[in-house]
Structure formats: structure tokens, C-alpha cells
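In the two complexes below, chain A is the common chain; its partner is chain B in one and chain C in the other.
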Partner chain A sequence: MSTEEEATVEVHPVSFPPEILARISPELSLQRHLSLGFRPSLRGFEEFRDVSVDVGTLSRYHQLQDPSSTKEVGTDNHVLGSCVLREGDVYVVTKITGGIIEDVTMSNEDIDEEEDAELLELTEDHSDITKYTSVYPVVEVERGRMGACTDEEMITSQKLFDTLQHAKILPKSSLKVKPGVRITNDDGTVEIIYPDSANSDEVMSSFKINKKWSYVLYARIEVFGRTGPVFDLCWNSLMYALKSVQLPKAFIDERATDLKMTVRTRGRNAIIRETYNLLCDPNDSTPIRLAEKNISFASTYGLIDLDPEADIANLEEDADGDEAMVDEEVKTVLLADIEGEAEESSIKSNITIVSNADGRFKRLSIVGGGAKITPALLAKSIALSKQRTADLAGKLI
Partner chain B sequence: MNVQDRRRILGPVEAKPLAFPSINVAKSDDGESKEKTSSPPEFTDPTIRTSVLTNCNGSCILETPQLSLLSSIYGPKSTRSNLFESRCQINVIIKSSIFSSSELKELSSFLINVLESFVCLELYPKAGIDVFVNLNIEEVDELSWYIPYIIMSIVLGLVDAGIEISDLPGSGFNDNNVACFTKDGNEVIGIWKDKGETKGDEHFLESLEACKVQYLRIKELMSSYLLSQSDKAE
Partner chain C sequence: MNAEISYLDNVDGSCLYNTPHTRVVASATGPVEPKARQELPTQLALELSVRPAAGVATTREVRIQDSVRAVITSILAAYKYPRQLCQLTLQVLQAGESEELFHCLELAACVNSAVFALVDAGVALTALALATTVALAHDGTATAEPSRQQLMDARSVHTVVFRIVDGKPEDILSMDSHGDFSEADILKVLDVAETSAKQLNAQFRETVLARVNIV
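Up next is the complex of A and B:
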């Protein structure tokens, strides 16, 4: 019988430079950084990225405000408010444009006072939310791909829409159009008279405009250089852009204010009111009126349990492997402003807070992805979000 | 017809876009008639920044008072097709808010042809390079005017991405003609003409010379920028 020789296999540990380790095992790379007291982006645990904003520069009214500019406002620029926000390496460009829609709901005068009084009373209490509206956001995250919108884009758009609606920042009354009238005088000059100007009353009373219109606001949010979750950047950029919105003054030509036509359809005569052509003044505008105290800013936090085995300090003492760890308790850390592949993929527990300057929440979401979220950590994230909101609100001035 | 894309939140269907009529009669008494025939502005040296975005291979922002243009290069990256292509495939996507998608598609195919003539495609088999161009501020409504700037930003983006190119090409815009040159103006790699009348050979040759002057200026700007970048790196 031949003796079996034992084959010994020597295993040499392989070590990787940090950049390679970050690609192969992002979780391990993150844990190693955390054990040293900072994150892969070299920020502290509770440190946010710096934000710089450029508000209103892309809008059509921006040139008009610059007295030295001799440019005419191009009729092609339909942007009413804008913001270019830069946070770290990520750029978010938000452009707000508008549309006009006819209001077909009944006005209060139409409701028969006696019969519907009770209904009115019932709805009064619950109708606060119906007094506010939202913008219609389309988020595009540029990642070098073409094709249909991704889950992230759809989810972020929906979150922005819902949060803005419930934050009660944009009252419906702010978007009501008060159209003026364009008159051609006998001498051929053209004048536009708006309801809020000095001598408008006699003029306006002779033109009865029976239809009501409102503006509709759309937001196009493009994210360049995405490195992590984008909701809070998009929300903050949207807030700044919304503040900069100027609503154009609209007018109807006098000939179209009360137009009735008789139309024959299938042997019956019907009287149709002609649809008006509501035009927007290229120069005149009014700043949008928002519920200022509800303007809020967003921040995101991640929670992760520290892995004692990845602790670099412990690695060096590993000579006697039998030594039990002194501290058995799992330590959970709070990381502010998640950024980077390692953090995004390893951190499953998140807190997102949207709050205003007084600390009132507009949106709070807590995803418990396995980390131990204690009340102390929650309180810390709320305190950090207050500071962050105060800092971001300061940039509005 | 407004066919709503149900994946996106597009707002009420009945909403109509805002219509801004041009400021006409009342204001044109100054003696300067700013009517339709305002010609596009002259070429101005743009401010250049490269390596702006971290999630792509190369990027470049060009800015002038009338324009802000971002080009981002993704690639060479693997293509999804199973067929083996010995040369790299280039794709160009242009995003703009004032030009129609059909115009932009035409310009994209023109740019793909131009790019294929100076990018070393054989070095990247079975790969694709995606070029995204975003026109962020566009105050000139003549698409041809943008072409020299677009090509300049794409070339600088390709250099930033480390993709090998055989030369620093550029182009010039003059009287509705755009001509793209390489090899110091000795070779023409593309000609684009969208509007205006064809006025005969001599006029065209003059226009070509004017384009060449602009090309040489652009090439000078690109070289000095790239040299200053490499000085900074050292």
C-alpha cells in the first residue's frame, strides 16, 4: 500500500489597494472606513456635503431684471423659474414651465345656498388640503443610458409630487389667472389693461369674462453626476426653483371676450362659446405667492451596524484568536447624506426627513432595514435635519 | 394629439402650453428693427471646464453669454449585441428644449459620421461609446450656430475620457454653412447646411475660408486648454 502523502496547501492572504477593495467588496470597504472614524468620501459621520445654488438664471425673466442687458427676451424661452443646485459632485438642474387650464368646477355662487349649506359645512373641515396643489415633476437622472424612465426616476417624481401636495406650499389661489384685456384704440395703438392697474375698473367692467383659468406648473429636474440617492437633492432644488417662479400676466384680446357662435349640428342649432385665446405678456410678470412658512428642505440619513470583525484596530490584535471581544454590544452609527456606491448598497436602513424652519415635518420616512434604530438616533437625525434646513433656508435670501 | 405617457406624471390633459406673442408694434420705434432677420452672434471664446461629472468617463462644459453646453462621454463600454464588431460603435444623443427631436436626430447622425472619421475605432472592438450633449442655456434659435461648440465640447470630452483620437478637429459656422476640418484645415470631414440659398461656388468657397478661420481659433483654444491642464497635473 502506498502511503498517502499529505499535501499541504499554503494559503497566502491577498491584500487589495483601497480602490480595488471598494469595487470588489463595498461593504467591507465601508466597514473599514467606519472603524477608522470616517466614510469612504472622507466626510465625518454627521457631515453633509456643501450645497451651492444658482437660482433663477435660466428663466425668461432673468434677463429683464438685469438693467445692463440689452437683450430682448427670446420668445422661445418658456422657463418661469429655475435652480442649478450643486451638492458635492452632483448637479441638479430644475426648470419650471407652465400651462393654462380652464377651471370647470362650480364656483361658490353657483351652489344653491339653502340646500347645499350642510354639504358645504361638512366639506369645510376637510377641505384644507384641497386648497393646495403641486407641480408636476419629471425627474431624469443622467446615467448614460437611453430608453424608458427607470424605477428611480418614477419613484422620485411621485415622491416629489406627493410631498409637495401635502406640504401645503403652493395654494391653488396663487395659480389663478386674472386676465387683462388687449385693446386696440382708434388711433391704432395697442394697450393691455390688467385688473390690478390703476384705471382698470371701467375698462374691465365693460368686458365680462365668464371663464376662469388657472396656471399649471411643470418641473423638469435633471440630475447630472449621480453618486447616491437623489430625492433630497431634487426636493431642495425644486424648492429653490419654485421660489424663483414668476407667473406671466395673461390677457385676452377684446374681440374674444364674449364670443358666441351659432352652430348647426345634425339639424339642431346650438350656441357655442368660442374658446378664448389666452396670451401671456412677454415682459410683465408677478412673483408667485407661496405659503412661506411651509417651505421645507430635505435630508437623508443611513443607519448601519458596525461590524467588529472589520474593525482595523481589532485586526492587529488578532494574534491570539481566542480572545473574546470585550464589547459584545452592536454599535449602530448614523451617517448623514448618503453618497457613494459603498454606502448606497450596504446601508439598508434609512431615515428621510423633510421639515421646515420651525422643525415641522412635511415628510418623514423610516425604513428599518435591519439596523437597530433607537430613539436616540432618531432624535439625533431630527436635530441634524433642523440644522441642515436652517442652513439651506439661509441660501434663499 | 396628446398621448399621455403613463409612466410619468404629466399633469392634466386639457392644459394648454403658455403662448408668448412676440413684442411687436409698440416697441419697434427705436429705429432698431429687431425683427426676424437678427443674425446669430459672432463666435466668442467659450469658458471650458472638463472632468465635471464623476459618473461618466469624460465630460466637458462650454459656456458663452448665450450658451451653456454639457457633453458627457460614456465608454468604451460593452455592447449588448452578440455579433462581434471589430470597430467601436458611436452613438450621439442631443437634448435641447427649443429644437425639435427630428432636427436633433439629423444633427446626431451628422455628428456620428464626423466622429467616426477621427476616433480610433479599431482600438475598441465590440464596444460602444455614447455621447450625450445637453444644451442647458440656448439663446440662439439657429441650430447650425451651435455645431462648432458642440463638436468642440465632444472632442474635449473624448480627450477627458482617454479615448484615442487621431487629431483635434473643429468646425466653423458662417452664413448658414458649417464645415468641419481636421489636419490643420487641410481636410474637410463634414459639411452641414440647413437654411439659406446656395449662392454659387465662389460664395461657398469664401464661406469655407471663414469657417476655417473659426476652426483654427477653436483648435488653438483647445490646445492651450489641454496644455494648461497637463501643466496643472504636473
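Up next is the complex of A and C:
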């Protein structure tokens, strides 16, 4: 007996602390966690991270809205709307800036219709997609190094652009510039008359402005401390920021409203061109009008098959024999709000849902390839997305 | 839909894919030797590029590329070709939709043509993937393979990719939906898309059979 013992080679099982196992075998680490009923982040399967938002504080209009603050810090920036969103340890900073472009493609018909059509558009249900526009987003995921933008940044930006366009949140009519006129009164005081201000009619009727302008909005979205897919964070942040956008009022100096300029080309051909010098009012602004009912929020879900071999309960039974190897049906679990390297790399099937407060969907993206997406799981994620949207919409002031 | 397999001469597999609205040429080369940075120790690496019908590729094409890649990687038998590379190039000839607003027809055509090209190249696949586009009009009628105008008038547009196993749509590989739709609409769209995918599959088999018979 004793000789036999000497002959056996003693094998020490290699074991790693959980955090090291998570690095060298994320899949196994994730499966072990899931078999215990929670995720590597210690959240439940259907538990979201809490979201806190700080809307509009980076905007140039922020201090102006707060009469108690005497300092006018921040009024020199060009941010029209902003949001700092925190979800778990991830911060997403969205700043919306703008510009003005001349509408060159507008037909005469549009100009005539415009006045009455505006209100209609916002209330009408079946409006045309071409009546809506999007913002131009640039997503930047900070990784502590410089360089060209990554595919993820490009794809997220493009998805945000497309989703906003198709969600029909931002009507083109809301971005029309209605320029005022800066006039110098007889006593030398300078005054700006806007079309919507009182007694504007007589002033405005004396100036005929033939050109049309529109605002364009740009969104710069910076993600700090990325831990998982960023589309839902960026979208939600963009929604809050968009809600806080104030468009500056624009005006033309009265001397410039009917300015005609002679342009000479090749000496002989003289064309008369009108030029306008459109200026933005540094103080006065109007809140942007959005199609409120279409404002929607995004959530992400991952689907993963539980691996019975990684199940800790089976592992313990295995010690007694092979009886644990009963062929069970593969169980698929739904994880809400994917976070962490293990979840992101091991979960191949995921669902992204953008829905509004009425439970209508604006975007649905399913990527299969991993766990099979059954109608039951889809229904479950839809139900969760409705709850999440209700929760996020509640944070909107 | 009709597809002309082995359309190009100097690649391993290719296809000219036509639908009434969209045309895409796909080429597949592989398995070939990868560049060092592309090499994966246990798997086949995939290099995919989508080129637009006009102009240079933008973020829009990167996005289409990403969706096609997600589908193709899940059907490729990548483990059969470790340390090798497969190159897929998809050139859109005709978008068939207004490009600043939509990408769904091109996405579906890119997926289908890529699968044709891979089959033509003889790269091992675990299943087939077939994509179809469905537009849901304001009155609730669902149209598979919509035209440019139907897309513009639609309340929502959906591109659905099915995994085809044993000759029938087995599960959803990808779904990309935009617009305004309800839970019931999703089920309706999946239903219409499945019927459309079955038809596509029948045509697909015919095309491949004709090709195999020539060889």
C-alpha cells in the first residue's frame, strides 16, 4: 500500500482568483457567475444600471436661466443644448452646437405652404419622412490615446443619425430661421424686431427677405470609461440634450435687408445678387420644438445559452459520478444592459430597442448568431424596454 | 431576384445580384494567406468592404459593412481555416433607394450576394443566410422587396436575415428596423419576411443547382 502511494504523482489543480479567471477565460467566468444567478457586475439578469442625468448645464444659456447666479460663466461657449449622463461608471457628455445654412432647394410652393403647414406637421401622424431631419453626431469613445476614429465610433454615429431621422423627432420646420431686423430708431437707439415680437408687423412688412435659412445641429458625444456597447447610452444622452436645445434668434441689419451687389464676371456680364449678413442674437433664444410623442429611449439586451458544464451545481455532483450528465434542454437567459468585457465578448446575440413612452418602437435591432432568439425572449425584452423607457422618460424635466 | 454566379474571372467566387431595384457585385477570395495583423490563430479572418454606387465609402457603408459582417461571421465555418483569410468585396451598382435616408435594400442585397459569392468560392459555411426587406405602409400592409417610393411612403422599414437550415428559415440572424411600429407589427413583418425568405431560398437553390450542373 505504501509503495503504491509513493508511485502516484500528486497533481495540484491550478486555481485562480475570480478576477484573474475573468481575464484569462471570460466565457467560463461569465458562465460560473450566471449559474449562481447573477452577473459579473453583481447585477441581476434583468437589472439595469441606474442612470443620472444633468441636462443643459454645459449650455451657453444655462446661467442666463438662473437669475440667482451673477456670474455669467459659460455664456461664451457655443453649446446650444447639453447632457451629462452617467450610467454605472460610464459618463457620456453630449454637446449640441449649431450652424445656419441657406435653403437653396426650396420651391415656391414650399414658401407659400409653410406658414399653415407648420402646426399641422407636429400633430399629424402620417407625415412624410422628408419633413424630418436629424442631427450630425460625432461619437468619440475615449480610450486614452489619439488616432483616427474607430469603426465603433463611426457605426454608432451613423446609427444615431439614422435612428433620429426615422424616429421623426426633429421636424425641418422647427429648424427654419425666422430672421428679425435690427433697426436704428430716430433717436439713435438700436432695436431688434423679431417676427414673433409685438408690433412687428409694420416693420417686417417693410422688409422683404427673399432667402430662407435653416439651422443645422451637430452633436458631439464623448464617452468616458466605456464598459460595454455604447449605442443606448449615446442615444439616451442625445435625447436629453436635444430636449434642452435653445436656438439663438437671428437677425439682419436693416441696412443689409435689401442690399444689392453687382458682381462682374469677365468684365461684361453683370449679375445682381442679394447678400445678407445674418447675425445671431447673443442673448435671445427660443426653445426647439420637437415632436414630443416620438421622443424615445434605448435599451440593450444580451442573450446567452447557459452552459451546463460550467454550472457549479453540476460540478459538485460530478464529484460523485457522471449522473449529472443528463441532457437537459438548453436554457437561454436574457441579460439587460450589457456591461463588462466578459459579457460583451461572450454574448453573441443581442437586441437593441428604441421605444417611446406609448410603447411604439422607433428602432429594433437584432443580431443573432449566438443564442437562438425565440419569440418569448423577444417579448420579454420588449416588456423590459417599456419599463426602462418609462423610467428614463421620467427623468426628463 | 436573379443572380449570375461566377460573374468575375479573377476571384475565387463572385456573383452579380439583381433585384428589381438593387444591383450588387460581390467577390470572395479565400481562403488565402492573411497579413500578419489580420491573422487569427484558430479561425478564418474575414476582410469585408462595401463600396457605394456613387462616391467614396462613408460611415454609412461602414455601418452596412458591420451588419453584413455580423451575419457572415455567424454562418462561416471559421474553425476550418485557422490562420487564413477570406476577402469579401461588395460593390453596389445601383442602390434602388434614396441613399441619404435608407440603407435597407442595399443591406439585404449585400448579404445575399455575399452568401452567393461564398458558396461560389467553396468556402465552408455552417448554414445559409438570406436577407429580405419588408416595408410596412401606414395602412398596415406589409410589402416584401419594396420599391423606392414604397420605402418613402412606409411607416416602418425592416431588413430581416434568416438562417436557412435544412432548406427552411430556422431562426433570425439579424433584424434592422426603423420607423414607427408596434409589437404586433414585428410579428407580422417576421411572418412576411419568412415567406419571402422561403421564395428566395427556392430561387437560390435553383441558381446554385444550375451552376453545379455546368461544372
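In this section, the second predicted complex is superposed on the first by the 354 of 397 C-alpha atoms of A that agree within 3 Å, B and C clash if a C-alpha of one lies under 4 Å from a C-alpha of the other, contacts with A are read in each partner's own complex, and residues count from 1 in each chain.
By our rule, a contact is a pair of C-beta atoms (placed from the backbone, for glycine too) under 8 Å apart; a residue touches a chain by one contact, two chains touch by 3 or more.
These figures come from a predicted structure and were not determined experimentally.
**Student:** Count the residues of chain A touched by chain B and by chain C, then name the partner with the higher count.
**Tutor:** Result: the larger residue contact count on chain A belongs to B.
**Student:** Could you say whether A:Met154 touches chain B, chain C, both of them, or neither, answering first, second, both or neither?
**Tutor:** In the superposed model, A:Met154 contacts both chain B and chain C.
**Student:** Of the partners chain B and chain C, which touch A:Ile382 in the superposed model: first, second, both, neither?
**Tutor:** In the superposition, A:Ile382 contacts chain C only.
**Student:** Could you say whether A:Ser365 touches chain B, chain C, both of them, or neither, answering first, second, both or neither?
**Tutor:** In the superposition, A:Ser365 touches chain C alone.
**Student:** Touch test for A:Ser345: chain B only (first), chain C only (second), both, or neither?
**Tutor:** neither
**Student:** Looking at A:Lys168, would you say it contacts chain B, chain C, both, or neither? Reply first, second, both or neither.
**Tutor:** Only chain C; A:Lys168 stays clear of chain B.
**Student:** Looking at the overlay, what does A:Asp128 touch: chain B (first), chain C (second), both, or neither?
**Tutor:** It touches chain C, and chain B stays clear.
**Student:** For A:His78, using the defined touch cut-off, is the partner it touches chain B, chain C, both, or neither? Pick first, second, both or neither.
**Tutor:** It touches chain B, and chain C stays clear.
**Student:** So in the superposed three-chain picture, is A:Val216 touching just chain B, just chain C, both, or none of them (first/second/both/neither)?
**Tutor:** first
**Student:** Residues on chain A in contact with chain B in one complex and with chain C in the other?
**Tutor:** Residues common to the chain A contacts of chain C and of chain B are 154, 157-158, listed in rising order.
**Student:** Can you tell me which positions in chain A touch chain C when the two form their complex?
**Tutor:** 126, 128-130, 151, 154-155, 157-159, 162-163, 165-168, 294, 348, 359-370, 372-373, 375, 378-379, 382
**Student:** Going by the contact rule at the top, pick out the chain B residues touching chain A in the complex.
**Tutor:** 7-12, 14-23, 25-26, 34, 52-56, 70, 72, 74, 91, 93, 97-98, 130, 132, 134, 136-139, 141
**Student:** Per the contact definition, I'd like the list of chain A residues that touch chain B in the complex.
**Tutor:** Contacts found on chain A: 58, 60, 71-79, 89, 91, 93, 95, 97-102, 136-138, 142-144, 146, 148-149, 154, 157-158, 161, 189-190, 216, 218, 222, 224-227, 248, 277-283.
**Student:** Mind pulling up the chain C residues that touch chain A in the complex?
**Tutor:** By the definition above, chain C touches chain A via 59-60, 62-63, 66, 70-71, 73-74, 101, 103, 138, 152-153, 155-158, 161, 163, 171-183, 185-187.
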